[in-house]
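First, the structure itself, so that you have it in front of you.
Here the chain labels run A, B, C and D in written order, and each chain numbers its own residues starting at 1.
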């Protein structure tokens, strides 16, 4: 590779970042806010103290879990937009375990995790079944099921799980202490959840890279008809990938409910499901990419809180930056292949 | 109203290191600070307190969604880091989280507005609760609606279903019954009072019913007055739209004193929270070091319910209410103030026909606070 | 009384569904040309916000609609560029734009939240408005509602009765053949995607300036997805698509009334109903469920019923066209 | 109109599809264009009809240089082409197809167009229903529609690219009559592209033969087929004569077995196939052969009757069970159904392995295995070559290499479609090796010669019916052609 080629590649690699920054700067100017100060707050808000960094990791955990799960469905060529609902069903199942089984933490927490995985997996399977046997595109199935999951959870919180005292739909009673993930002293971060997310990434990495099942999934994603003819049980694989993604999303739900909130609340999924789709896309659908990209998005989210507090700017700026970045990456990737073709041709 | 400049310039200058004599407090809002409803009422109260306590200032965090990426704890951390000594969390959806941060920062005072943790004993000693007594003002709202309805159908745009919202809707119904019977001389049994719950305090797309659609449905069903129980102003907006189209349509918004401004001519009045005095006394008490934990259900100042320095809840008549009816409304308020008119008084049945209050029985605070069902005569689900 | 209620509800449905109708027509023509504009939900949101903001600042509804149209067209242009010129996955680009549009709308729309602003004027049509029933339902509306009904007919006429419409269909069914017959496939695709996007933009402004006045965070969330599902349900045929939009309108409008008239059902059921219906209608028109339903018919009727209910997307939907 | 092509050049990457080709067609004549697969016939015709812009050379129409850069411009200049797969709009109606591309102003003038369409079809004896959807027409009818459409646009030169594949013998007779009429009575210039000698001999007044992108020779009619073969291939090809194979046990047995789908019903058939037997399925595309193959592979559930594989009733069993029982199916679209673009050869071999594989893949081993197969099957590529990077012939080789070693029943769709004669011979050699191992083979082809030559028995399909099972040695192309067209005479 010549020097100039390498330079071109570097520039193309940086171009999306520059484009996204340009977009958000324009947006900031349109909103009448000084962009530099905004970026400063964004950066500081995410990194100035160990507590802030721990906050970033708190957001990183569910994002990484969901994005890791999405690698299964993306590999199989599926747009599993229903992660949000799968998180919620993980929460619902875990909540049931926490409220109904009176066990010590060493038993209760693993059971909650298993329960969450089952809940998420079932909700994922439902979307998968609608896709495979009902012919409903997974985007619509997933999206519709997200809304249904949220309302189901709201009904549970408002009716069967309504606290005896206290009046509104604010959430269930706090779980018993045994159902709380242990936290690092003075921080909201639980080492257990960090471990879970890291493990998930490693396992997903190896499954997709090194196993026959991973290869078969990839084959389905690239050409399902050929894969079927080669003898791969495509339906079963697709369903399993939905279930696995749902299970990891369910774990994310457990982490949220027992590590962060300590009780079930109506909006517990908090948009992480949608965000994780962006993370998976930006990571190029690779487990190795998910960890840093999820960290970036988590930092963006946490930093945006500061932005709002100090500059009265809506935290949706973080979303603008994140989505803008993914869009820029898509556009630059397209431009790059175009450039290559026209140079060869 | 002329167009305002859409610049999002910070309303509060950043205060990185407060000088020793300065006092900083924080408010955390569940909606945007200019929602013309619940959150805006809190925001103006913070400004009220700030103006009256020299050297005080406040920071605000808007639209904190419980369960979102940004947690109350993070916001509180940041406010404490900025030097806030008092933090008000303005939704009972923040109850649990407020306990959490109150335990984390024992030297800071926290107020969870509309919560009851002090009452239930869950709150640490540095957390207090207060709430405005809205029931009577809702009664007035119901009264104005009854004074103006031609069709005999009044609609109540409800948020989610719980004790509080049931009692507010029922209070409105009782006010409407009273005035329908006593000022208009009509049989209250003929009054239709329909309630639809959207599912939350404001519209969450895909999760709640759309209040705009519900409000339109009310008018289609024959209602001509909408009493809003939600935090936002869709009821008023739709009523205005219908009135512009030539229909008879009125609305009674909620929460915020300025809520009528959006459509004054069809606004019958607004039952509002006046948080200013409570904010002021709390700020002052914290500065003076005299603050003590309490659960306050602050009522109106019956000598002048619209005295912004003393009354915690009020009712401001709107331009939509003609003078004659306004006088009757005023009469009703006076009756409530003097105690001649009781709002929750028997005989009253629950919706399922069981007795709530026997004949002549006046409800206790507790009976009002924990209302288990809507009242007989109201149409709409109780659960 | 019952009949008045019905008339009033139908009149409301007609009005409330008009943005859905307009957006679904826009999507229909861009998908007919072979391009999926998946960004609908975000496009509607951003254009609703921009339309309201401009109308609010200028006091002029028409300017608001123009701005919304431009925003919708611009979003569509990004999709067209990314998919037609750069051959990127339409679903990926559309999905990202959905999120971006929503976030941008929420961020830039902050200063306009819950401001009272101008609206599309109510315009009952003299004489016609007094026709019993029909007049009450159809001719006591604002201009936007009339426009949305006219649009259905215009789109149908355009697609099936004009030469340009034939080209549009050809480009989406078999671009190679259209090219062989002198059609600039990609130019047409750009054109229809952008025009479709402009319609989506109008739909956005229809919310904030007519059906759901004003702006608030997430003002129109979810409606774009429903519009997308309606296009599939409608089999890319304007009349059937419109039928789908009104069907949803009825369900959404009845939510509040049903909550009171069907006691014992959790209120949450009605809140989630539009999305449950979305899944159900797609289940209905898609292969699996329909085949099972058809097998209930006697064999001789299967073909006829199947042809009437089965929908097939334009053959070249989402497939880029490359000339040799 | 007299057409002259002078020194046309066109390359695709390193392939010189046309390397200085010249060709002359007189008005009122039918010129044949002959050549083996990949000789460059289609490319040359696409240059003439504006689909492909040449890198060199000139086009003269009636002696005047013509320049055009799109098919529409070519049609304006009077040149129209009928593609092998008619380039029309299957989901649209005949009338709309006819109208498409004619400038008729803002509105579609359907009444006018219908009249013209009916008049023109009548002139040629076609029966086209303007309201029918094109996807319900046969390939022959779609050709007729294209002819009528191009004529209505005032085309003077008509190019037919392999028009006889996929149509029945009676339709072929109609087509030839039409071509003659176009040339003789209407004075059009007709170019007839084919690689079938007898058709060219029957129809054309002159023939140009292409080989590897160059003109191998030009002959005026009449001439002998030996001369043409020599020009096409450079030598006379001796066709492989199938060895007598003794047939074994019955492998496949169908008992009053029928398939129902939305588009097509296959009426019940009974059939017995024995080990080592080759059965050719003849018929127009969409007549039911493909359905039979897919149902025999277990991909479609039959609506009635039963299917036995070596005596075992397979009714209701899944596709996987069929695979386990030694059935393999090779569809025609290689990159759509068969190979997986985006995966390399080594990955394909791992996926295709039928025996139980360990959970973790040993990539070193897998690459070694792939290397061996690649060598064995003469594939030009390496274990890490992505399949979409292979040439068509090599893709076909790869598909054959992916087949399991021991097979009972091999179902093939167009096994040599798009392959040149030599590659096709290689493919059949491999298939016949299988046959000697006792594998029964069912295959479809549009090439009746191939079917006649390779099969033991031939079953003919028409409109979803299996008409007859013939002994290959007792029939000829003529008889097959008539059966395919639905006639029994």
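Assume contacts are C-beta pairs under 8 Å (C-beta built on N, C-alpha and C of every residue); 3 or more make two chains touch, one makes a residue touch a chain.
Predicted model only: the values in this text are computed from it and were never measured.
S.K.: If you tally contacting C-beta pairs, which comes out ahead, A-C or A-D? Let me know.
M.R.: A-C
S.K.: From the mean C-alpha coordinate of chain A to that of chain D, what's the distance rounded to whole Å?
M.R.: For chain A versus chain D, the centre distance works out to 48 Å.
S.K.: Distance-wise, how many Å sit between the C-alpha centres of chain A and chain C, to the nearest whole number?
M.R.: 29
S.K.: Determine the centre-to-centre distance between chain B and chain C, using the mean Cα coordinates as centres, and give it in whole Å.
M.R.: 37
S.K.: What whole-number Å value describes the gap between the mean CA coordinates of chain C and chain D?
M.R.: Using C-alpha averages as centres, the distance is 43 Å.
S.K.: Do you know which chain A residues sit against two or more other chains?
M.R.: Where chain A meets two or more other chains at a single residue, that happens at 31, 147, 150-151, 154, 158-159, 313-314.
S.K.: Among the residues of chain D, which are close enough to touch at least two other chains?
M.R.: There are none in chain D.
S.K.: Which positions in chain B are in touch with at least two other chains?
M.R.: 6-8, 63, 161, 199, 206-207
S.K.: According to the definition already given, which pairs of chains are in contact?
M.R.: Pairs of chains that touch one another: A-B, A-C, A-D, B-C, C-D.
S.K.: Okay, in this complex, where on chain B does chain A touch?
M.R.: Its residues touching chain A are 6-12, 14, 59-63, 65-71, 73-75, 77-79, 82, 91-96, 115-117, 120, 160-164, 199-200, 206-207, 383.
S.K.: Hey, which residues of chain C end up touching chain D in the complex?
M.R.: The touching residues are 161-167, 169-170, 173-174, 176-183, 306, 312, 315, 324.
S.K.: With touch defined as at the start, can you tell me which chain A residues reach chain D in the complex?
M.R.: Answer in residue numbers: 210-213, 215-216, 218-219, 222-223, 225-233.
S.K.: In the complex of these two chains, what residues of chain B are touching chain C?
M.R.: Counting only chain B, the residues touching chain C are 1, 3-8, 32, 34-36, 63, 161, 194-199, 203-210, 212-214, 216-222, 232-233, 237-238, 240-241, 244-246, 261-263, 379-381.
S.K.: Within the complex, which stretch of chain C touches chain A?
M.R.: Spelled out, the residues of chain C in touch with chain A are 38, 78, 81-82, 85-89, 91-93, 95-97, 99-100, 102-104, 106-108, 110, 222, 225, 228-229, 232, 266, 268-269, 271-272, 275-276, 278-279, 282-283, 286-289.
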